[in-house]
Structure formats: structure tokens, C-alpha cells
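All remarks here apply to the structure that follows.
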Amino acid sequence: MHLVYPAVLSSLLFCVGVYGVLARRNAILVLMSVELMLAAVSLNLVAFDVWLGDEVHSGQVLTLFLIALAAAEIGVGLAIVLLVHRERGSSAVDRLRALADRDGNEPDRAGPEPGPEGAASRETTTT
Amino acid sequence: MDWLDVAVRVLAVLVAFLVLPLLVGQLEHKAMAHMQGRVGPMHAGGFHGWAQLVADGVKFAQKEDTIPDGADRLIFRLAPGVALVPYLVVLIAIPLGPDGMVGQAVDAGIFFVLAALGVGVLGSLIAGWASANKYALLGGLRTAAQLMAYELPLLLAAASVAMAAGTLSLPGILDAFEWWWVPWQLVGAFVFFTAGLAELQRPPFDAPIAPEEIIFGAYTEYSGLRFALFLLAEYAGIVVVSALTAVLFLGGWHGPWSDQLGWLWTLLKTGVLCFVVIWARVAWPRLRADQIQKFAWTVLVPLALAQIAFTGVIKVVTG
Amino acid sequence: MPDYFHGYTVVGLVAVVGVLFVAFAFLAGRLLRPSVPTPEKLMVYECGVDPVGEGWAHTQVRYYIYAFLYVIFAVDAVFLFPWATVFAADGFGAATLVEMFVFLGFLSVGLLYAWRKGVLTWT
Amino acid sequence: MITLSGTAQQALLLAALGLPLVGALAALLPAPPGLRGPGGPERDVLRHGVTVTGAVLAMTVVLAFAFDHARAGAVQAETDVAWVPAWNVRLHLGVDGISLPLLVMTALLTFLAALHAYFRPPTGPGTPGPRAFVALLLLLETGMLATFAVLDLVLFFLAFETVLIPMYFLIARWGNGPERAAAARKFVLYTVLGSVLMLLGLLLVGLRAGTFDMLSLAQAQGSGLTRTTQILAVLAIGLGLAVKAPMWPLHSWLPAAHTAAPTVGSVLLAGVLLKMGAYGLVRIALPVAPEGMRVLAPYLGAFAVVGIVYGSLACLSLVRTGGDLKRLIAYSSVGHMGFVLLGVATMTHSGVNGALFAGVAHGLITGLLFFLVGALKERTGSTDIGALAGEAGAALYGRAPRFGGLLAFAAVASLGLPGLAGFWGELLAMLGAFHPGDELSRPAFWTYLAVAALGTLLTAAYLLLVVRRVCMGPTPAGGVKPLPDLAGHEYAVYTPLVALTVLAGLWPAVLVNLTDPAVQLLLPGVVR
Amino acid sequence: MNDLQAPDIEWVALSPSLIVFGAAILGVLIEAFLPRKQRYYAEVAVSTLALAGAFAAVVGLAASGHGTDDAQVAGMGALAVDGPALFLQGVLCLVGLVSVLLFAERRLEPALHGASVDSFAAAPAAVPGGPAEREAEKAGWTTTEIFPLLLFAVGGMLLFPAANDLLVLFIALEVLSLPLYLLCALARRRRLLSQEAAVKYFLLGAFASAFLLFGVALLYGYAGTVSYAGIADVVSGEPGAIEPGLAGTMGNDALLLIGGAMLVMGLLFKVGAVPFHMWTPDVYQGAPTPVTGFMAAATKVAAFGALLRLLYVVLPGLRWDWEPVLWGVTIASMVGGAVVAITQTDVKRLLAYSSIAHAGFILAGVVAVTEDGVSSVLFYLGAYSFVTLGAFAVVTLVRDSGGEATHLSKWAGLGRRSPLLASVFALFLLAFAGIPLTSGFAGKFAVFRAAADSGAMGLVVVGVLASAIAAFFYIRVIVLMFFSEPKADGPSVVIPSPLTSTVVGLAAVVTIVLGVAPQFFLDLAGQAGVFVH
């Protein structure tokens, strides 16, 4: 099998992932898109490894590490996204707007838009 | 590529896949019945009800197959297939006898087998999710949790064997087998077999389908042929796990006259283990979901790690 | 390389056969079985009473923690296998073993931490 | 004349630089029990300021007397220590004929400022206590003295910048008028932008020539630098310095700052800070990149004479419409600094000497003027000519004869009356323009000469008008109370300035003999 | 086929990171087994000792010549032990050490139920204000896991600039990033902002690391090896052994260019250079301030180290391709950071944008591609990290009832209320602005000098102008602190424990010492300017 097939496939996968990250609103889907990108990388690595006949199999070794770290990453990421989801009832990325450049001069930008759960008011009472 | 050879092998595997689980199922009917002081099915087919499961199959095929309103229809339909096919695929990699009596020797056999096994359990999970039934979902999640908890000891125990043999190929492992591996890997065998049992959600690890709590778990909404396929998958799983345990830990085809009768030894060992699986169902009460988790993380995983350490030390010392 | 792919070709063939088998079974089932759907039949089954609440109910976050544990450990266990095949080869020996024990030690520490944090106890 | 060993001179210079810095820190601490006076901690700290600046003045005077006037061109009291060898930056200090007069003048003005502050503590709405004031004043002194004493480009930049902060605070915190914060900001803005350009130029020179040492750079006379580099360097450095000088049209921060600054701030701003720009041009641009300077000198000259005329015209309009007196003096500074810049632009000995002379003279005279205007404000509560003079005139001659006389003296000194300090500088600068340096266009400089001459006439006109409107006028018949005349401490403050103005006017050789050898070294190949 | 070699590890040469990782593991065990009350003390002690020990190890290695003559490649070619690596590791250990003190500060928050608490959530997984959290607070729980997390992050950072093959580069990147993602989410106050920051940081970080990885894969495909030296050989056209049949793949310039670009992109993201800076302001603002300080200081050090090594060791043969690109990035970062910062009204955001501008300044030194360039970047990083830590430490101290008062309007008049603190902050701001006699000036001088020497005068001009723009917003803050009337309900300055005081004091001292007498450190950085190949 020529190298072109896996290479092109992996590039396509990667592009799909990039598109997903850029176009998706839901944090979980963004996360999945990132994983897709990583999968593309793995595919590329293995393909190159086999193609080049690398005697120390750097490509495959890297893929192993890649898998492990992708798992760790997804674990950490999901944890954070879940936290946000639990408090906001949404994991839409584009609704995370409490931190952003503002025009106004409101003295306290800390308060996000008051969500249905009144999250904003809660956080100030955590003393 | 020799197409004929390949065709024969595939066919053989398919036949084994269709026959062996039925045998195990029948065995379960009868053995369990006798252990409980019953006689079990007696009518279908005449002699001790030998065709009971065939009859069951016919009945299932004729039953109406409903899909609940809220279900994710496509996924719902696919789930039995997902549960079943991996076991078939696994079978091809399990060596039956010496000198190439195997469907197909796969390089990283252990890897392949364990990976495929993991996929099988996904069938339950997606069935539970697609049903849009809260009991089914609960069952599916329990399945998932169980899968995750027991996959690790399974892997670690298998790794121990791989360490001992220095290869990942199943035939390779058997080639390297020595009789004293049985006591050497005893703990690993226990871990592997138990974990396999749990992966299959067989009693006493059947909390995910505990009928008294959550109806039938992930399979609640299934009926007819689809349900039958799930059942088939379960028994195929028993065969596969038993066979794998036999191959990895009990020497597979090794035994007297193994040159000629190797395949028999493998089948025999597998059969005995299948019987143990059935026995366990009768002998032990069901564990609670939390007990299942705890057992995995606090007993099996440490045991497996210990086994690996032990294997490593022995291997380095003797090698 | 041909060998490499050959093995998996057969495996793929078996998988195809399996899929065909399932498809065939479904097809046969469709021909054999009756189909008389009624609203009651299509209702979610909850032991015969009318269903309460939604099908996709919220579930405990605990499952996530197990998932997390699994992902970390199982994926790390992947490193064991390549190592397992070579650790006893010439020139490796004890040092390699010790290094892997260090790796396993890391895993154990993680497990211990999870255990002590009460993650493994169902509440 | 005193004879001091080289080491002693060196120590003296270092002490003069270090003492105010230490003093600034000490000013922030409570006074030790032995030094507590009867007036409370505020008087204590003000007295501390006087003591320190006085000591510094004494040191610089001793240094001036120990200075070997026979070798005025050579750098004396030299310290040369590696600071950051990796960048070729050295702690290189020393004085020569150019920097010595400026150094002494700085010390003197600061001392007088401190003295003034002791008797007239800076007050005003929302001003902090004198502790910070004294500390800032001393810090300012460090920066100013260092600017004139350092011989390394990086150090020069550093000293140049150090001045910025205290001056900013002096204007913004102790200034008067609602505009003080804006004025202070404008001051910082202009100067920082200028310094950035200057830094770029300094870096360019230092990196291209491989050294930051001013002496060796001056010795090389730009030999290691290409023409383009020189032009760029002079452009960047010159712009930076021209902001500070200030050169028209970069002067617009000056009137605002002067109007807002407190008396002490104005005195030092006009007396010393403006000189730093001119000094930098003489010390760096001229010798380090002569080729670039030759290219740009005509432009500098043109801007300089425009500044002279512009400043004078602005002053004229102010005095006629009744503007702020401090603003007027600020504009007059623009004009006077125009002469300084013109002198530098001629690139001749006489021109540069004239520039330096005019600088010192302007420091003395404008310092005096600002002190007087400050005093006038204390007496009348206003510095607005219109408000003071009304239709007829403020009649200071009548109401406070000595005070009025002194003001008139300062005004005529400022207009460059022969026999007073202001005269020689302008004369020498114009002389230089008559015979500009080689390769400089003679017709152009003759034009400048003519315009500058016109400027002197205008200067005379507005200053006489000031005298006319502020000092003269009919004494109202008992309508207005006589103002308090000069007090003792005011004599103490003004006398040295008056004396030096007269001295420099009558005996210019003292100064010119000091600067000329050094200038000759800076401009080697030039005959005039 | 089996030509694997048994690994041969130079334990001593790797000791700094090993010590830190060991301590991190120990920290996890402490979490598991020590009673809650004792964990805090044990963790602080372990972290401090470990980082100090690691620093000592770095110093020892440097003293025994590993930084200069004995520079070597350790761990089977995985890690370089050379001047830049040791210098940056030393800086990182110190930054980590100081950050531990910041993390350990417990006197800023009002005491809860009689127990003093730190700036981290008591029960980070609980819903803020929910019953679970209240219970945790009542019980006096604290999240002492921050210390092991910090140690892990520092460990990853120690590896990052030393990584000598793409595998280690990638692993170090993840090891340093993952703990940071978590640390970002742990603020005690304003948890929503904190979690939002973590989400953004994580998503963008994962995205960037995927790019980096794709670059890794392509470079691997290009050169057939992941070791820096091997890739460099192929880049410079002296491949060891290309199989003739594979010549079409190996040495394919498209792979090299795209791969290299993606790799550099990933690193520029970590550095926070325009146009990969989007995360910086949000994350800096949302994260708990001690974490922000640590992150701002240490990540930059580590990532620039890795970038330097990559550009100088692996891709020097490609210099004519990447240099123009980096020019663009440098200019965009300097100007963009400085200009956008002017409009900011939040102290932490302001510092974030200023960090973007600083990334640009440092890049100016990177672009020089000379030994001087390396040294100047090293020096700048050392100087910058301490100023940053100090500045954020000051931010933790200015508080009102809602926690830290980070809005600039609240800082008005701070100079009158607490002149000392405001002066120190002003010192840091002046250092950021690059005012002479502060470390900022020395650093900028160094990088601009290196850039100018290498002929990048244009960069220097833009850089100096950008510094001037930047100076305005720093000075604006100073003016605000000293010249505005304090608000009646303005924040107060909390009296910190010796921990934070030490941090602030130390940062101030470093800022002044590096500004006044930088020679020793310049020498150090100068000696450390050579990469081992």
C-alpha cells in the first residue's frame, strides 16, 4: 500500500478535526474533534513508521505515548468541562463569555450573565 | 494467498461459533438444573431435551420485534451485531492445536484478542443507551463501569503471560509453554478468568442485568431475534473467555499425545472452564454494583500487579 | 509487509462473515416474524406500569470517575506489552525490570490515591 | 585654586553624585533624635534638604576650584569602572570644561531651590508632605548632576530618564492650577517619546561602533560609522534631545509644564532640564556623528531660529493680551534655547561656546525670573499680567521698589543687555552663524543670522513691555497697599544669581576659557 | 531485527527533573495517607525541599561543567544536558520554589470557621455555594493537591527545554500542561470564571498540542527519526542512510516545511505570541492569581527554551524559511500586545496582554540566531519571570469583600493607602516597561542588542517603539495608584504572611539586582548560550 493513502486519509481526518474544533459549540464535541486530530496524527505516525521501515519503531512508540496522553488529556478535559456543565447547565463554548474583552467600564466584570441557576449570585456568597 | 485454505478456516470458525455456544447453553440448562435438584428441559428433540436451544431459536425468530418509540432506532438495531461479531472475530485467533491449527495466527495476538473482547461489551452499552429506557440506561452504565473496572486486571494478567513467553502471539505463547507455568501464573489465571467472567456479566457479576433491580438491564427493550443474538453473544463470550484462559494459562493443546490430540486437550480444558462458569452462577449470590467495583480495584488489580512483579523477577532470575 | 496485512485480511474476512451472518439473521427474522405495533407495545417498558420521567435520566458522576480511572490505567498498561516481549532479552535484565517496576509503582500510587480518596467506595 | 589629587577629585565627584541619592533615601526616614529641630518633622526634613544640597554645592565648588583650568579640555576627576562588561557598558564619570559649569550651576540652583523651599514650604490643596518633596528634589539633583557627569551613552540615557520621574511628580503633585496633572502627563509623554528615539539612536551608535564610551566615540569622530548610520543616529538622538531642549515645534509641553509647576519645579526645569538637551547635542551628536550632524545642522538651525522668533512673538502676544507670566517666561525660554540650538548648529567653536554660555546664562537668569515670579504670586496671589497690571500697570516700583527693581534687572538680563550674562551667549552664537562650519551652507546661516537678529529685537520688545506693565505704572493714591518688599531669605536666594549674572556678563572669559578647550577637542578639524 | 539497546540512563545528569517528579509522587502519597491537618505542612515542606534540591542539583551540574564543556546528551539521546537547559532549569526551579510560597499563602482570605484558608477551592468538584462545598469548608478541608500538581507541572517544564527528541518534547508539553489546566479551575472565589478559564485553556491547549503533534508526525515522516540531531542531519542534507526506495518520502521538503511550521505553531501557542495568544488574557484573568503568576512566569520560560532548541538545533538549516515568519510574529506580538493592553481595565488582563508583548520582545532575541541571542533570551526569561511573579503576588494582596479587586478603577489611590506595596508594584511595572535600573531594561537591552547585532535593526526599532507604547499603560497604572483619589469603598491591602512577603520582596530584589548589576547573570547566560548537538 502506498504511503499516500494513509497520509491523505490522516490529513483529511485532521482537517475534519480542525473544522470540528472551529465550528462546534459544544465543548464535548470540540473535545472529540481534538481527539480526532490526535487519531489522525497516530495514523500518520504508524504509516510513516511502516513505510520508512524504522528499525527502532519511533513512530509506533510515539503512537503509544500519544494514546496514553490523549487519554489523560481527555480525562482532564472532561473533568473540567463536566464541572462547568454542572454549574451552568450547558457546555456550549460560545456561551462562556464572562471572560472577554469588554468595551464598557463596569467596575466588576466578574459577574457573568445571570444564568438560570443564579450562578452569578452564588459565587459571591462562597465566603 | 491460498483461498481454499482461508475459506476452510473461516468456515470452521463460523461453525464452531454457532455450535459451541449452543453446547454451553445446553450444558447450562442441564447442569444447573441438576445442581438445583431439577432435571431441566426434557422434551425438545427427545433425548434429554437436546434440541431445546434449537427450539428456542426457532421461537425467537418468529417473535415480534418491537422497537420503543423513543429509541434511537438505528443504533438500537445495530447493538446485537456489535455484541456478537467481536466474539466471532476473536475465535479465529485462538489456537486449537499445534503447528498452525489456528484460524489465523495474529502477530500481536493478545492485544488483538483483548481489544476485540472490549468491543463486544460495547454492544450492551449502546443497547442500553439506544433504548431510551432508564433501566436500560442504568444497566448500560453498570456494564460500562464493569467493563472498565475489569479490563485492567484482564490486561495486566495477560501481560504477565506475555512477559513469561516474551511474545504477544498466542501460538507463540503456547510454543514457549512449560508445565510449571501453571503454578507460576496461577494468580494471573485467577485474575484473568474472574475478570473475564465479569466482563461477560455472568453471575456473580451480573448486576448490570439484575432482573430484580433493573428488569434486564440493557436488554430490557429487546425481544425476538435481537434478544436471541444477545444471548448467543453471551454464550459465545463464555466459550471465548474459557478458551483464552485455557490457552494462556493452562497450556492449551499441551498434554499427553499433544501432537495428535492437541485440539482435544484445548477443547477439554475449555469445556471444564465453561462448566466452572456455570457452576459459579449457581454457587455464588450476585454481587452489588459497588462490591463489583471494589473487588476489581482493590483485589484483582493489586493481585495482577503482584503477579507481574513475580513474573518479572522469576523471569529475570531464571533467564 | 504482505504477511503483515495478510493476517488481518483473514481477520477482516471473518468480521465480514460475521456481519453477513447477523444481517442474514435479521433479514430472516423480518420475513418470519409478525409485525403488529400498538402504542402499548412501543411504550417504554417499566415492569408494566406507565413510564415515569424521561428515558435519558441523569446519572451519577461516579461513573465518570471510574471511566477516568480506567482510561488512565488501561491505557498505561499498553506500555507493558511491548516491554513484556523484550525485557528479558540479552543485555536488559534487572535494570529494565526495575524501571518497569518504577512505572508500575507510579500506577500503584495513583490507585492508592484514588482508593484513599474514597473514589472506590460507593456512596 | 586648590590642588587636589586625582583620587580626591574622583571621590569628590562621586560623593557629589551619591550624596543626594543617599539624602533622598534618608529624607524618607524619620530624623534621628539629634537632628530634630524645633519646627517639627516637616522643618527637619526641609532643613535636611538644604543641608544636603548645600553640601553638594560645596563639593562642586571645591571641585571647580580643584579643576585644572590649564587642561580644561581634558576629562578630570575621572572614574572608569566596568559595569556590565558583556555590553561594554562602563561606569564612566568625569568632568571637563563643558560639564563643570553646568554641574556647578545645577548644584547652585538646586541649593537655592531647597533654600527657597525651606522658607516657603511647598503647600497647596492635596499636596503631600515635604518629606516626599525633599526626596524628589534630591533625586532630581542626582539625575541632573549625573547627566552632566557621565561619559557613557547608556549611563547618559539612564541619568536623563532619572530626571523625568521626580519632575513629573513635582509638577503633578505640587503644581498649581487644575491643569497640573494634564501638564505633567504631557511633559512625560513628550519626553518619553523623545527618549525612546534617543535610546534607539544611542543603541545604534553603541552597537555599530562597538562601544558606549563617549570619550572614545568622540575621539573616533564617527570614523567607525557609515554615513547612513550617522544620519540616522543624529536624527534619533537629536529628536530625543530636541524635545527636551525644547526645539520648536516640539516645545509645546514646556509652557504647560511651566505654568503648572511650582516655583522650585519651574526653576529647575528651565534652569537645568532644558540644558540637558543642549548638552546632549554638544556632547554626543556633535563629536560622535559629525558627518550626520553636518547633514542635519542646517535643519536644526532653521528650527532654532524659527523657535527664536516664534517664542518672542508668543511672548509679545501674551504680554499684550495679558497672559500668565510663567507661561511668558516659558515661551521666552523657547526663544533663548533657540539661540543655544543655533549655536550648536553652526558647528563652530564660537557657536558651540556661545551655546554653552547661553545655556548657563539662561539657567541663571531664568531661574531668577521664576523665583521672582513665584515671589510675585505669593505677594499678589496671581501671575496673570492682565490681572496684575490692569490698564495702567502693576507699579511694582512704587509698591515694592527693591522687588520691582530686581524684576526689571532680570528682564533686561534676559533680553541680552551687554554687560550681563545673557549677552555673550547670543553674540557668540550669532558670530558662529556668520562663519558656519565647513560644508555648511553660508547663505542659509546668514539668513538664520538675520532672523535671529530680528528675534533679539522682538525679545527686547516684549521684555521691556513686561517691565513696563508689571514694574511701572502710576501708584494709586493709597488705593493699593504696598507689597512686602524683599525679605532676608529672598536676598539669600537671589543674590548669588544676580552676582553670577553680572560676573558672567562682565568677565565672560571665565566661562569661555573653561569651555573652549573642550569644545576644540569635540570639533577637531574646525578652525573658528 | 532486534537492535534495541538496553537503556543506559545518566541518573545524575537527569537528577533535577527526577527529584521533582519523585517529590510529586511523594506528594500524592501524602495526600493519600496523611491526616488532613498535616497534609498542608507536609506538602509545603516536600515541595520546597524538592525544588530547592532540584535547584541544587542544577547548580551542581552546572558547576561540574555540564553547562559548558561537558554538555552532553543524556537518556539515550532523549534529553540534552547543556547550558541553555541547565540555565532554564535553574530558573524554573526557583520560579517553582517561589510559587510554592505563593500557593501556600493562607492569610489573605478571611478565616473560615476558625481556620485560615488559601486561595484555592475547598472542594473543587462541588458546586460553588452548594451543600457539598459548605460541608467541606466547615470541615476545614483544603485542596492541598495543588502542590503535587505544581510539582508535576514543574517537572514537565524542566524536561521541556531539555527535550532532545520530538517524543520527549511532546510528553513534556503534556506533563506541564495538564496540571496547569487543572490548577486553573481551582479558584476559591469566582469559581465560574476560574472554570471558564480552565475550559478555554484546555480546549485551545489541546487544539494547539494536536497541531504540534501533527507537526511531529510530519517531521518524523520527513526524517525517519524523532531525534533532534537526526532530523537536523537530514535537514542540512547529510542523511545517514536513506533507503533508495524511500528517497521520495524522506527528505521531502513539503513535509519538512509544513511539519516544522505546525511544530513552531504549537510552541508559539504556549509562549502566547500573536496570533496564537487568544487564550492568554482569559486564562490569566480567570485562573487563581497564584497560579496565574506561576503559569505566566514558568510556562514562558519552558516554552521559549523548547522553541530555542527546536529552532537552533533542529531547524537551523531552514533558517531562511522561518526567520521571516518569526519576524512577523515578533512584530505582531510586540505591537499587538502593547496596543491592546492600553484599553484594558483589569489588572490581570493588562498583565496578560503585557505578557504577549513580552513574548514578542523575547522572540526578537530568538530571531537573532546567534549565541548572543540565546544568552539574551535566557537572561530575559530569568528577569521577566521574577517580575511577573512579583506582580501577580501583589495582585493577590489587593482585596475587597469580593476577593481580589482586579478592576483597575479599584486600584485608584492605592499609593496613598499603602505606599510601600504600591511602590513595589510600581517597581514591577517599571521593570515591565523596561525603565533603566530595573531588570526589564537589562533584559530588553540584551535582546535588542542581540537582534541589532544580527542585523535585525528593524525589529529593534519596532521593539523600542512598542516598549514606549507599553510604557504608557504601565505608567498609567502607576499614575492611577498615586494620583487618583482613593475610593471610599476601595479595596484594602491585606497584610500577608511572610510567605507572600518573601515572594514580593525576593522579586523586588531580583528586579533591582538584575537591573543594577546584571553582569554576573549575563555571564551565566553567556556561558550557557551553546546548545549541545
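In this document, chain identifiers A, B, C, D and E correspond to the written order of the chains, with residue numbering beginning at 1 in each.
Throughout what follows, contacts are C-beta pairs under 8 Å (C-beta built on N, C-alpha and C of every residue); 3 or more make two chains touch, one makes a residue touch a chain.
The model shown is predicted, which means the values in this text are computed figures rather than measured ones.
Ignoring chain E while keeping the rest fixed, chain connectivity by touch breaks into the groups A, B, C | D. Path length between chain A and chain B in the touching-chain graph (shortest route): 2. Between chain A and chain C, the least number of touching-chain steps is 1. A count of C-beta contacts for the chain pairs D-E and A-E puts A-E on top.
A separation of 38 Å divides the Cα centre of chain C from that of chain E. Centre-to-centre spacing of chain B and chain E amounts to 51 Å, using the average Cα coordinate of each chain. Between chain A and chain D the centroid-to-centroid distance comes to 63 Å (mean Cα coordinates, whole Å). Mean C-alpha position of chain B lies 13 Å from that of chain C. Under the contact definition stated at the top, the residues of chain E that touch 2 or more other chains are 4. Touching two or more other chains at once are residues 61, 72, 79, 86 of chain A. Counting partners per residue, chain C has 4, 71, 86, 89, 93, 115 as the residues that reach two or more other chains.
Under the touch rule stated earlier, the contacting chain pairs are A-C, A-E, B-C, C-E, D-E. Of all the residues in chain C, the ones that touch chain A in their complex are 1, 4-5, 61, 64, 68, 71-72, 75-76, 78-79, 82. Within the complex formed with chain A, the residues of chain E that make contact are 1, 3-4, 110, 112, 124-125, 127-129, 133, 166-167, 170-171, 174, 178, 181-182, 185, 188-193, 195-200, 202-203, 206-207, 209-211, 213-214, 216-218, 220-221, 224-226, 243, 246, 249-250, 281-282, 285-286, 340, 343-346, 349, 402, 407, 409-410.
Here chain B touches chain C in the complex through residues 1, 6, 9-10, 13-14, 61-70, 77, 80-81, 84-85, 88-89, 91-93, 103-108, 110-112, 129, 131-135, 137-138, 141, 144-145, 147-149, 151-152, 155-156, 159, 162-163, 166-168, 215, 220-221, 224-226, 229, 288-290, 293-294, 297-298, 301-302, 305, 308-309, 312-313, 315-316, 319, going by the rule given at the top. On the chain D side of its complex with chain E, the touching residues are 82-87, 154, 157-158, 161-162, 169, 172-173, 181, 185, 188-189, 192-193, 196, 199-200, 203-204, 207. Listing the residues of chain C that touch chain E in their complex gives 86, 89, 91-93, 95-96, 99, 105-106, 109-110, 112-113, 115-117.
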